[in-house]
Structures are given as structure tokens and as C-alpha cells.
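By written order: A, B and C. Residues from 1 in each chain.
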């Protein structure tokens, strides 16, 4: 047997051994972990470590929203703490957000908190800092005129990296709705719901999409009611439940029922909201108003 | 000056005959195009994420090219012993330092030009528009910053024996300055004395490379820089580079060479 | 007198333009040429800091050498004798601790002193991404040789070292012998009056050695001065007019090869071994 034939046979033998070993090992490997069976490339490559990067990309969306004007970790240490801008809907959100049911108090607080947080650049301490500022973005602005779409890729990447981060879906959906991309918003929220089946936050956002944008109050009602059930399941036994979310869900449901002329049902939701709202007196006023209308025999839809 | 240009010519030839540049360019192009092929939320007008990624890759590639090319120049001359026939010609060590610097800087500039051309094409194809002034300013300042980086790596190649250790140290220093340089004064103010003075001194001594990173201005369509600021930044880089080259020359002049 | 003449020549080069000076212009003064000192060391002393940091090591002790125009001069000595250190001083790589060295009457501390020399180091790996032609063009630019003249010389040298066929190939594809020959070509690019060759045949096969020897002989016939170190004593005996043998930094002998052979009644190898003390040890 000449040398090339011998080498070929040896190669064939090694290939056969590899194949045999692979078939033997495959079932065992399947029990070692789930990474290989992951549905996304990020999960296969990075494993659970990908979650670390998810926050970076979420922040990157915020940086994009501010056109590069953003505090560094050093600035944020000094800046007052506040709720995250992208999720807190401050002044720019108010421009787009005609939602009458959104509690105004948070808006005001967030607005001033955000402005304060974003005024992280004090007077320059030395000439290097003063000169350096000429090369960086020093003006606090927000994207507008449809340019908000530029932050969406970062949110999508963040969601890919950490599908359990609910905030990403709700923020992205908010902006998708504002940009008129209702189908995309629904698809993204559904994706979020698949990854977070009990998320009342996503359900709330989905309900808003159906109610406000797709003009489908019945689906909105179903989704919000499911949201309340999920809230009960997840939050009711906690020492510090997320009352704000319950307040939003119930107030929106009450509005929906009021518009549909189901005043009794609306009162029921508002009575639920009474226990969750940070301004119970305002809710109580609404309940009384609805009760008066109900007593007057008005179960017709409100204008 | 003819000697300096001749030496620079060899470095430039080295850049385009080695595979490093092509590998980095292809990698940048493939990654950018791959990201560009994804349409997020059915909106083909979304562009800034692509520009951001492309610019980040360009910055990384440019630093890799500038540092690795420079870090190996003088050690390779010594290792391959080409320094001996070179210095046996009427060439001074100062000319060697100047020639190597010029070559590395021009080579980095050529590479940078190709990368920015690609960026321009990507940007224009997505947005059908290009902020030319900001684009040119970003390219110029990036190249000017690389002069300091090349000077630093050249000085490092005379201090550290191995090009790999020099390149690693240069990367750490440059990335450290780019990320933290701007905030060192804040850090200094939080320290007790005498650490405060030490950190503040470092803040004044380090080359402020972060000034030259105007990616945000380019990405988010901010108005361009004032030309006087560009000029002052160029002057600062020029002075800093001259200082580094002087240091390199002084070190090289004293270095005995044993054939 | 000679020193002043050489200085004038260097000045003449400056005035006449860098490349022109390399032309074999000394033929008119052939009468005095053989007496002209091309390379000289005066009480040359080189000290190094010892590697362990303790004290100093003297590599060269008061070396006095003179190499005349048109000579092929062999510089011999065992390993560590100080040959390379002396060459390093001549080429300006190392500064002398005391004494001085001159090329064409100009101190080696001046870069201009190297305008008229060609140097072939031992085992050099030239820029492997360049072709032989590009390498020679690069070195020609360092001498300020105009392009047309450089092209002419490159053609001539590549023919001389028999690398014409490989001129467009990158040096990384060259064999060791070819690299040594391209090294020789670079040493000759400025048409030097003095060639300093460090172990020019080191690592070459017999054919390669023969070719290098032929080139040295040819250069000698052209009136060039060649100063070279070698361990190949047979080769030195064949090629050299005069030799100097140093040991432990000290000059042991400097004379014509024929005179040495006649004086010691032995071949160069035996003389060399005797002078470095090897024979004494054997007999002891």
C-alpha cells in the first residue's frame, strides 16, 4: 500500500471515530446545559453573561435620545438620583402623550428630576475641561420629528440580550406607538409577553396599544384584566407591591368602562384603584361623580 | 528630509503589504454591513446605530493599526538587524525616529482615510446625506490624535523591550485616557491630599485624547466645531507629539547598538 | 597632510552633491593613493558596563589601526576579541570610551563619515516585504542618489550579485545566500570607497562563498578598500593584502599576509593560533 492511500485510510479511520464518538456523546451533552439549544445566537455565544450588556444598550438608547448628551458614571455619582428618563415620560413624553389617565404628579416630579439630573455639567473646573467641552455635546436636547426611531435598534438589541428585562419592551412599545408603528409595537410586546408571560407591565402597554392606537377596546379590556390578574398573582402577597402599576391598570380599565357606559364596572375598578393610587382623594372624587351619574340613570357612554 | 521620507516610505509599504490592515478593514466592513442588513422594526431609515457601530469599529481598528505598526518598528529593525546597515548609512538616529513616526502616522492616515471613506459611503447610502464639515473635522481630529498615539508607541518601543508589552501598555494608556481622561479632575477633587495633587498633576500631564473624539457631534447632527478650536487642538497634538518624539530621540541616541 | 586632503574631499562632496562623490574619482591621484589612509583608529578604547552590573569590561584596549586606500584588510580574532566592537565604533553604533576612529579623516561620530562607506552586517534579515529592487532603491534614497542614477546602479548591482531574475520577488522568498547577496548589493549602492564586511561568507555554502570572494576580488580590482572580519582564515589568506589579529581587545599583529607567512614560516591559521595563545596551551 503506498503512502497516500495509507494516509487516506488513516484519515477515514479518524473521521469514523469522530462520527461514532459524536453519536455516543450527543445524548449526554444534551443533559449538560441548555445553552446549545438556545434560540438566539447571543444566548449561544454569551450565555447568561449577555444580561450584563443588555443594560449598556438600554442606556445607549437613552444616550441616543439625548443626542449624545449624557452623564458619565462620574457625573451620575454627583447628579441627583431620579427615575430613568426613557421610562419616566418627562417633558418630551408629555408632548406626545395625551393620556389623561396618567398620574400628573409623577410627571411633574420626573420633569424636574430629569432636568436636574441632566444638568450634570457644572461650570468647568479648569481650562482643560473648558476647552474639552467644545468637543462634546453640552446641550440637553431630545430627539424629535420622527428621529426617535434612532434609539429603537438599541432597545431591540437590549431585549435580545436580556429578554427578561420588561422595561425594554414597554419603552420600545411607547416609542413605536408614538412613531405610528402599531403592528411593530404589538409584535414586540407579544415577543416580550412570550418571554415574560406574567408581566402586567407589558400587558398594560399592550392594552394601551389596543385602546389608544388600534381602537379595539374589547381587546384592551381583556389584556388589562389579564394584567390585573397577573398583578394579583405576582404582587399582592408582597410586602411592598407595585401599587403604581395596579393604579395605572385599574384607572385605565375604569376609563374604558366609563367610555363603554359600564359605570358600575368603572366604579368597581376605581374602588380597586383607591387602594393603590397615591392620590386617593382624586380617585374618590371620580367615584362619587360616577355614582352620581349612575344614580341619575346614566349608563350611556361618556362623550 | 529625503532620508525621513525614504524611511517613511518603507513603513507605508509595510502597511499595505501586511495583512493587518486588510483583515481589520474587512472585519469592520463585514460587521457594519451585517448590522446594516438588519432592518429594525421595518424602518430602513434608522441609521445612527449603524454609524455608531461603524465609527466604533473604525476607532478600534485605527488604534490597533497605529499602535501595532509603530510598536514593532524599531524593535523589528533591531531584531532583524536592519538597523545596522541603516545606521551605517549617513542617517542619524533622529532621522530614524522622525522617519518611523512620519511613516506610521501617514500609514495610519491612509488606513483612516479608507475607513472613513467606507463610513461616508455607509452613512450617505442610509441617510442620503452627509454632514461634510463634521465628517472632515472628525477625520482630521482622529488623525491628529493618532499622531500622539504613534509618538507614544514609538517612545514606548524604546523603553519596553518587547513590542507586545509596549502595544499592550499603549492600548491601556490610550483607552484609559479616552475613557477617564476627562474625569480625572473630578476624581482628584474627591481624593485627600497629597493624592489630590498627584491625580490633578496627572490630569494636566496626560495628553487629552478624548478631545479628538467628536463622534457624537457627527452621529447626532450637531453643528461642527469652530475652526479655531480645531486649530488649537491640532497645535496641542503637535506640541505633545514633538515632546514624545524628542523623548524617543533622546532615548534612542543613548542606546548602544551591538551588531 | 592626508587628513586635510580627506576633509577637503568630504567638503567637496558636500559642495558637489551627495551622490557624485561616490564615483571612482581618485584614479588621477594614483601615485599617492596607496599611501592614503582610509580608516584609522587611534588609541581606541571601549569599555562596557559588565552584564552583572559589577565593574567594567574592556572590549578594546588602545587599538591603533591604519587601512590604506585600495587594500583588502582582514580583521581577525577569536570570538570576543573585540572585532565587532571595533566595527561598531567605526560605524557609529557605539561610542569610544577613549581615543577616536576616523573614516576618510572624519571622526566616526559625524554621520557624514559614513557617506562613502558600504557596510554588510552579519546575518541580516532585510525588510522581507520589499523586493530586492525596492530595498536597493530605499538605500539609494538615503544617499540622495537621483532616480535615474539609482536605477542604473540597481541594474548593475543586481547583475553583479546575480539576483536579476529575482529582483521583483519579495525578500522573504529568498534563500540565505540570496539574502547575503542582496546585503552585499545594498552595501555597494553608493559605490563606496570603503567596504566594511562583517563575516561576509558566514552561513553560506561553498558556492556562495566563492561568489562573495569573487565579488571582493572584483572590488579590489576596481580600487576599492575592503575591511572585513572573518573566521575563514583560508579565505582571508586568499583575498587579503594585509591582516590585523586582535585578542582580548589588544592588537597582536598588523602586517602583510605574505610578510607574516615569511616571518613565522607557517600558514595564517597556525600564526593566528600561535598569536592568540592557543598553541602554548596545547604544548603546555
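Here is the rule we use: contacts are C-beta pairs under 8 Å (C-beta built on N, C-alpha and C of every residue); 3 or more make two chains touch, one makes a residue touch a chain.
Note that the structure is predicted; figures quoted are calculated from it, not measured.
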Starting at chain A, fewest touch steps before arriving at chain C: 2
Could you find the chain whose CA centre sits the greatest distance from that of chain C? A
Can you compute the centre-to-centre distance for chain A and chain C, using the mean CA position of each chain? Integer Å is fine. 78
Determine the centre-to-centre distance between chain B and chain C, using the mean Cα coordinates as centres, and give it in whole Å. 41
Touching chain A in the complex, chain B uses residues 38, 40-43, 45-49, 52, 141, 182-183, 185-187, 189, 203-204, 208, 210-214, 216-217, 219-222, 225-226, 229, 232-233
Interface with chain B, chain C side, in the complex: residues 84-85, 87-88, 91-95, 111-112, 114-115, 117, 119-127, 129-130, 134, 138-139, 141-144, 170, 183, 186-187, 190, 196, 198
Residue numbers of chain B touching chain C in their complex, please. 2-3, 5-6, 9-10, 13-14, 17-18, 80-82, 84-92, 256-259
Using the touch definition up top, name the residues of chain A that touch chain B in the complex. 64, 67-68, 72, 74-75, 78, 125-126, 128-129, 131-132, 134-137, 139, 149-150, 152-154, 156, 176, 179, 181, 184, 188
